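In structure tokens below, several structures.
Two complexes follow with chain A in common, the first pairing it with chain B and the second with chain C.
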Partner chain A sequence: VAAGFLMSGGGGNDVQWCFSQVKGAIDDDVAEADIISTVEFNHSGELLATGDKGGRVVIFQQEIENKSQQQCRSEYNVYSTFQSHEPEFDYLKSLEIEEKINKIRWLPQKNAAQFLLSTNDKTIKLWKISERDKRPEGYNLKEEDGRYRDAATITTLQVPVFRPMDLMVEASPRRVFANGHTYHINSISVNSDNETYLSADDLRINMWHLEITDRSFNIVDIKPANMEELTEVITAAEFHPHQCNTFVYSSSKGTIRLCDMRASALCDKHSKLFEEPEDPSNRSFFSEIISSISDVKFSHNGRYMMTRDYLSVKIWDLNMENRPVETYQVHEYLRSKLCSLYENDCIFDKFECCWNGNDSVVMTGSYNNFFRMLDRSQRRDVTLEASRESCKPRQVLKPRRVCAGGKRKKDEISVDSLDFNKKILHTAWHPQENIIAVATTNNLYIFQEKVN
Partner chain B sequence: MINTMECAVDAQSLISISLRKIHNSRTQRGGIKLHKNLLVSYVLRNARQVYMNEKYAEIYRMQQYEEVMTVCNEIQELNPLDLVEDCEEQTGDCCGSANESASLCGALLPVSHQAPSVQHIQPSSACSVPLALQSEEVCKSPDPSFYRSCCAEPYPVSNCDFSPVNNMHCNKTTVLDLDTHVVTTVENGYLHQDCCASLQQCCQGAQSPAKKRKLDFGYYVSEIEEVPDFTPCKRAKFEDSSYACTEPLDTSNISNLISIFGSGFTGLVSRQADLEQALNGQFCSKQALASLGAWTRAIVAF
Partner chain C sequence: MSGGVEASTEEQQEMQDAVVSPEKTEEAKLKARYPHLGTKPGGSDLLRKRLQKGQKYFDSGDYNMAKAKMKNKQLPTAAAEKTEITGDHIPTPQDLPQRKQSLVASKLAV
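== the complex of A and B ==
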């Protein structure tokens, strides 16, 4: 069980990270609608999608400057922007439904178009993003601008042909999966069969077919008969990357359940229960809050899964249920500050985590715009910062250190100086390359491996 | 055993903060967040656990103090010359070690070997009680005469150490309530008299040192009461409607909860029938906790 130690240098096989790009407004006055709420690379890494609190999705596309050269600097530029969800009002329950995009998940590419699922608290939508770079010209009955010609003036007959035009990227909603959830949706996950996906809310998990919107199967239901007996909720869920019958879901009590859909239609009984017993000496007022799992992610190879709770990241071997194989402290210096973090609501922040392409390094965010790279293979970890001050092109990121107490060394920042309004909740790692996307409140930073 | 040492605020402040969060969540955009409210209810439960332990420990100490004074006075009447000195000597001796008070205030300090949820306050020596009252800031020593009048019925008595100066049996005590002139027999630490009324009295009496906090707490209560925008949830037709509407909430339920809070959590004690039985000398038994837990989740439900 490794805790790693701070080192100078990059994370992940001696990678040094350098600044590549930053997207978003520069000024400190953050419009609430621009707050980034999810970040996701597609399966090839060519596209990077972000969702925000205003219900908007922005997709960036990687443009490789020089594909022939090995040392290329790839830049991500805006590819498509569209309004995915709008605020709604549920008149029956007198509830407003936020348009904030909770999650985006890409479908594997099957043809020229790209597909992604985006969800807010209640409704999941399947979007088709397609390119149009030619248009038909030479109609008989219409002018170039679309106006219909006077029939009397038509004397010839011609066959319209496709001619090139400026590239246009269109996003169109192909499916709307509504009315499937009573509680707030926290996760969506596409199955490896490419036909189904799951959506999870606080108490239930549904399975949908991508083609069918008026029906879904309920596969997990933990709602108690009497709501007063409620003790835990579902916090995240994901399908196994290869086994289409297997999925996991995490709970607010710090447990993860692995379910096999072949066992029964309703997977209320788990196949495996992953739980680490609580350390009784650490018991505090906030023990339940900090043990609540905010994210769960399978490794790419499908043998491990990673969970994130408030203070730590844990790696679990799917074959061992009684404890994680690795535990990493993200910001243990916060343990003595839990009371203040409870008062200012920061203790409820839901941090996500992600794997790199070969499962050797994991990454997660923290406060003060810090994020942590935890190298599993080399047992090293590093803290980096996403800051406007390190925005020179190809500027190497310097490791940061937090001083928990006692004498503060040079270049260290003390716990009390941390800015808890600057939090990195969402990060994503390119599936093949060492390119990472890190979302601060309203900016998206892209960092790349330093190439000499 | 909850470690309260690292927390900057005390249990009662945490309770106020938690209630405020639950209240604010009702007006937040997007509807009540079930997950967050559930987590807040856990903090509420934990804080209340500690608060109750503190309160009961305090009451217990006051009871013990009261009893010591009663006995000393009775002895004084019998043999004014010699036994007063003995008694004072006794209390003086016992009040020597700080360790004993530590065991009494076990509810407050993290002691890993203690049973998880059962706060069994068993003083090693009844004479250690006055020490606890004098030396611990938490155990605010109230005006003794005040307690004599209301906390008339002492709690579990394992005051065998009195034996040198009196003839009481270790496991049986008879006490005369000077106010009501009711005689109570305590056997093996269990009261033979209905303790509910006295408990309520005692609890309210115990609020005297905590009056400052109650004032702060009342601020939050009045804040809640003044909010006019409470929209009663319509009872949903379908079983699967939002949890916020699973019970037909009406303002009377809310005001019940508010009035319970308004009198401090000691008010909760007097309304909980389960607790009354559980409190025959045992503090915060599982039974009491269970009922408190269900009550906490009622908050989440609304």
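== the complex of A and C ==
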């Protein structure tokens, strides 16, 4: 069990993080539509997508400043932006269907175009993002501005040719996967077979084929016959990165189930059940709520998975079900604030977590725009802050410390001064490089490893 | 959770109390403020509220009225183009306006 002591990230082989870019408005008056709801790098890390509460997707592209140098500073600039989902109305239930983008997942690149899946509470869409950098010119029947010519005036023929034009990036919806979910979709995950993907809501998980929109297979159904008997819901699900028959789903009770689709068509019976036994004498009203898993992610090598619950991050070895192999405290000082966190609903905040490219470090967000880097190999952790006050180019981020109680040292922040409205729920790590994207409420920060 | 520390049972109990107290203290606080709080902690009520997420309206008319009120508060959308294209003649695809910009662009894309 790793202790939660803080160490400054200086010297030796430690990575020092520095500010690279920040996107979004500076003003404090945040429109609801601008709240960032998901962040995801594509498989090469060249593209970074964000989704927001207003149903919009913004994609940034990495532009390498100096290609000749090995470690170079790169910038992410706007590549494409489009309206993915619009608000809808469920006529049967008289409920609004939010346009908020819950998740974006990229497909591995197969040709010149890029594809991503974006989902709101009810509908998943496959988007094609393609570049156009030439256009045909020299039509016989049309003028250059598009007006049709009078056919009688045409006396010669020419062959239209492609001429270069300013790059245009187009996003078009290629598939709409609708009406698959009665409850609210919390996860989507593309299978390693690159043909299928899963979508999970509170009670069911469906598997879709990327080409087929009018049919999906239900692979998990935990809805009880009598809803009064409902005791847990599905909180997240993901396919294994290499084994196309394996997926996991987490629950609000802190369990993770691993399922093998070869075993049966309906995977209600799990192959493995991951659960850490709880000391019954420690149980309180809050125990179950804070044990609810808000995110589950496989490691890149496929041997581990990470779960995030309210106060901690746990690393599980897929071969060991009875307890995690590592546990990291994210913000243990909040344990003595659970009452107020329950009253202001913060206890229900869903934090995500992510792995770095070689699975040696994991990252997750916290409050006060703090985020935590947990180094598995070196058994160290550090708390950093995404703030407009540390926005000078290449400014190195200073570690932050929270004072849980007693005498507050200089540079420490007391728990009572933390701003619980400033939550970092969504973070992403470049698949190969030490570049991270951290989303505050309405801003996207990009930090990079310090380059000498 | 404890290691191989040798201590008297009294000390052990004290240590245990100190360890469990933050959460249990918070629980006591909550129960003091809300004495009727569910007997089933984190049970069906909470879950059912979660499944029911989303604002309920009386009907679609109620929903559309609420949306219209919200739109008036937001920034104005692009001015309605070519309002005279229908009624007078049959419009061709070139005459029709592009899909309307129903919402303002994201501030991340600036």
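One rule holds in what follows: the second predicted complex is superposed on the first by the 444 of 452 C-alpha atoms of A that agree within 3 Å, B and C clash if a C-alpha of one lies under 4 Å from a C-alpha of the other, contacts with A are read in each partner's own complex, and residues count from 1 in each chain.
Heads up, the rule we're going with is that contacts are C-beta pairs under 8 Å (C-beta built on N, C-alpha and C of every residue); 3 or more make two chains touch, one makes a residue touch a chain.
This is a predicted model, so every value here is computed, not measured.
Once both complexes are superposed on chain A, the partners chain B and chain C clash. Once chain A of one complex is fitted onto chain A of the other, the partner contacts of A:P280 are limited to chain B, with no touch recorded for chain C. In the superposition on chain A, A:A33 makes contact with chain C only, not with chain B.
Looking at the shared chain after the overlay, A:V233 reaches both chain B and chain C.
In the superposition on chain A, A:D317 makes contact with neither chain B nor chain C. Touched residues of chain A, counted separately for chain B and chain C, are more numerous for C. Of the two partner chains, chain C is the only one touched by A:G24; chain B is not.
Once the two complexes are laid over each other on the shared chain, residue contacts for A:E433 go to neither chain B nor chain C.
Once the two complexes are laid over each other on the shared chain, residue contacts for A:E75 go to neither chain B nor chain C. Legend: residue contacts after superposition of the two complexes on their common chain; A:E131 is shown touching neither chain B nor chain C.
In the superposed model, A:D52 makes contact with chain C only, not with chain B. Superposing the two complexes on chain A places one region of chain C into the space of chain B, and among 5-13, 23-31, 59-67 or 95-103 that region is 23-31.
Touched by chain B in one complex and by chain C in the other are residues 93-98, 121, 183-184, 202-203, 227-233, 252, 281-282, 284-289, 292, 335-336, 338-339, 342-343 of chain A. The residues of chain B lying in touch with chain A in their complex are 1-4, 6-9, 11, 14, 17, 21, 29-31, 33-36, 38-39, 42-43, 46-47, 50, 110, 112, 116, 231, 233, 236, 240-247, 294, 297-298, 300-301. Contact residues of chain A toward chain C in the complex are 23-25, 33-34, 36, 50, 52, 54-56, 58, 78, 81, 83, 86-87, 89, 91, 93-98, 121, 146, 183-184, 202-203, 227-233, 252, 279, 281-282, 284-289, 292, 335-339, 342-343, 442, 444.
Within the complex formed with chain B, the residues of chain A that make contact are 92-98, 100, 121, 182-184, 202-203, 227-233, 235, 252, 280-289, 292, 335-336, 338-340, 342-343, 345, 348. Listing the residues of chain C that touch chain A in their complex gives 1, 16, 19-20, 22-27, 29-31, 33, 37, 41-44, 46-48, 50-51, 53-60, 62-64, 67, 94, 102-110.
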